[in-house]
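Worksheet: one structure, shown below.
Note that the chains take the letters A, B and C in the order they are written out, and that residue 1 is the start of every chain.
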């Protein structure tokens, strides 16, 4: 094929690729720009700490932030140990193709794809009604935990698998028990993966709306225990924009806060995993 | 795989306990899925027993208060929305990844990747909010009232685009350098290298990303609920309203009682089945567990 | 590394303790809501919820140490939750039906359902027959009603809402006979949909509509069969599409629930009812 032909096609392709990139960037700037532009005015200490008033048309998001953090705490407190344990079993304690490991793995694969509204339905029946937790932060957090578990396990397992095989052999040669080998060598080496997983889970949980409407409820006041209902930030945005005329202005503020939170979390995870991976194993 | 040799680490008594604990964890994790299907089924049972499963595909329409439970228009709505979103997001996402790996100058690539990552971190409710406040009025100026298939597709496409772009980017990054150098040595142009060498080599990874994105698109609730108008009908144009299975649940659940409520759980079961089927199909296609590759 | 394990362990322990501490007492465990004497859960009608929320706030400040949670979700949910014990009191924005004799209703206020159009729409009055023709799709254009030449965007409510039930009962339509273009959930969403579309028509609680009109929403209430949709006409009973807002309970009221219901129905909440543009019951 003549070089000239390649050249013109290359130019056309380059134009296509560049324009796709520009379109994506433009869409991004449009969306975030709109939210930053109209939400920036609400980024004040008052807005972050005050209670919402007049169905959210006035006031701030203080109690909603607290509820959101509590939801995340419950979610992580349950999902982290469970996820870590499962990942350890899958990565370190089972032969790849035992029936049990295969079944767990397959189940988690599917679980990872289950839509969040389905988790919401499950949480509504199981945690809210069967376990009698009512519309509560506990029920919402547990529902979120089920949802982020596959993510967490995947990341933990990847972290564990990234640890060189020689480490395990060295541990065995030193006569360490599996428990000791785990604590001293494998887990420290796998920390970046674990953190990445935890942060990923937090990000997903923080962004969640559908799984929470029928589990943690709508109440926009400061919860006094985990059995109180609490409104997550994402639900607040949904409610303001869908159900409150004149709520759009403050919805922009809340959306900006949520986006910034996620941004901070993502940045922290990147920073943490960089730091941890720098010679963590050597120093233990 | 390290774990293929379980006896590498020496056994001890505390290990037995540890092993049992971990097995317990894994059993709980693995059982969640079973629990979900069981409880969904038990909540859906009243209507399945009363009306039978066929009514959900043979009834005249979806009017649960009148005992009519036709779900197919919502299945169609769900599929239309997801397919439309993939149609927009896959080319744009893959081209973005190609841009990142082959066209963008290095500093720009760094910034651009950050940007796409940021886009991936935006919660779906924000996409929905933006769609409702910005997109819907825009479409309404063209063809009222704006809440439509088009709005749903647009919002979903934006939402899944970063997933497609990031996974495609990772897959392209995993193509061996030598392969690309060999292509260059053969005098292939940049686009030919991309189109003939890099993309085919990265196909599995790109496909995995597309499946992931499809799953999200099928199951997204709030963003779609906010912009599609939620009329139960098979859309006959891009400006027509529609209701997805997920939106159906979120819209009616709070107000539903008795058989109506049970019918919404059937809606959830169908949705979960749809996505689970997609995941299984993807696992089968890639010839290995998506778990290991993702 | 051990530190990480300790941290995780500590979090888990903390969570466990918190959970155990906040667990309901065994005898109350079957109903998560009925856990403590100083707290009350109300769920139900999205029309009643904002009013109940305001009353709850006032009650809480007058009775320190009490806590009253108000959840939306619709009258159906209010009834279901009151029956199942998920809530102490249900909020229901209609009169109880024949099959609901197991519940007791405590009327709070009255409200009407108003037909709303965009503020720019010249239509001022609709007859019941016209309304039916619009909602069944017989009239697809405002011209048929003497308005502009523009297609009518019919905004309708999702199945299960009490506003929908009342609307259907008034028009005598079955839901399957309606031909909506947009289906919405709560009142406010209806107002948003109509405010954003000059050719839309919808129906919402008159109280909510008046409140939002006062707050600048570009919508207008249309008179029905010549009777203006207003709070006055709901109060004097002349407006045809009206309803009573109730608190309901499955069991005889005791303790905090009784105290709260008495508080809510007393003179001291009249200003709150008016502030939400509902109509206080005749004194």
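Throughout what follows, a residue touches a chain if its C-beta (ideal position, glycine included) is under 8 Å from a C-beta of that chain, and two chains touch if they have at least 3 such contacts.
Just so you know, these numbers come straight off a predicted model, no measurement behind them.
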In this assembly, which chains make contact with subunit A and also with subunit C?
-> B
Which chain's C-alpha centroid is most distant from that of subunit B?
-> C
Pair of chains ranked first by number of touching C-beta pairs | A-B
Counting in whole Å, what is the centre-to-centre distance of subunit B and subunit C, each centre being its mean C-alpha position?
-> 34
Here the gap between subunit A and subunit B, centre to centre from mean Cα coordinates and rounded to Å, is 16
On subunit A, where are the residues touching two or more other chains?
-> 81, 84, 242
What positions in subunit C touch 2 or more of the other chains?
-> 72, 185
Which residues belonging to subunit B are in contact with no fewer than two other chains?
-> 254
Residue numbers on subunit C that touch subunit A, as the complex places them | 1-2, 4-5, 8, 11-12, 14-15, 18-19, 21-24, 29-33, 35, 41, 43, 46, 50, 67, 69-72, 84, 86, 185-189, 191-192, 195, 212, 215-217
In the complex, subunit B touches subunit A at residues 1-4, 6, 8-12, 14-15, 18-19, 21-36, 39-40, 42-43, 91-92, 95-96, 98-99, 102-104, 112, 115-119, 121-130, 132-134, 158, 161, 165, 187-192, 194-195, 212, 215, 218-222, 226, 246, 249-250, 253-254, 264-265, 268, 271-272, 275-276, 278-280, 283, 289-291, 294
Footprint of subunit C on subunit B - complex, ascending | 60-61, 63-66, 68, 136-137, 140, 144-147, 229-232, 241, 243, 251-252, 254-257, 260
Complex contact set, residues of subunit C against subunit B | 72-77, 79-80, 151, 153, 158-161, 174-176, 180-185, 193, 196-200
Given the complex with subunit B, which residues does subunit A contribute to the contact?
-> 3, 6-7, 9-10, 13-14, 16-18, 20-21, 23-25, 27-28, 30-32, 34-35, 81-86, 88-96, 100-101, 103-122, 124-126, 130, 146, 149, 153-154, 161, 163, 165, 168-169, 171-172, 175-179, 181-182, 203, 206-210, 213-214, 234-235, 237-238, 241-242, 248, 251, 255, 258-259, 262-263, 266
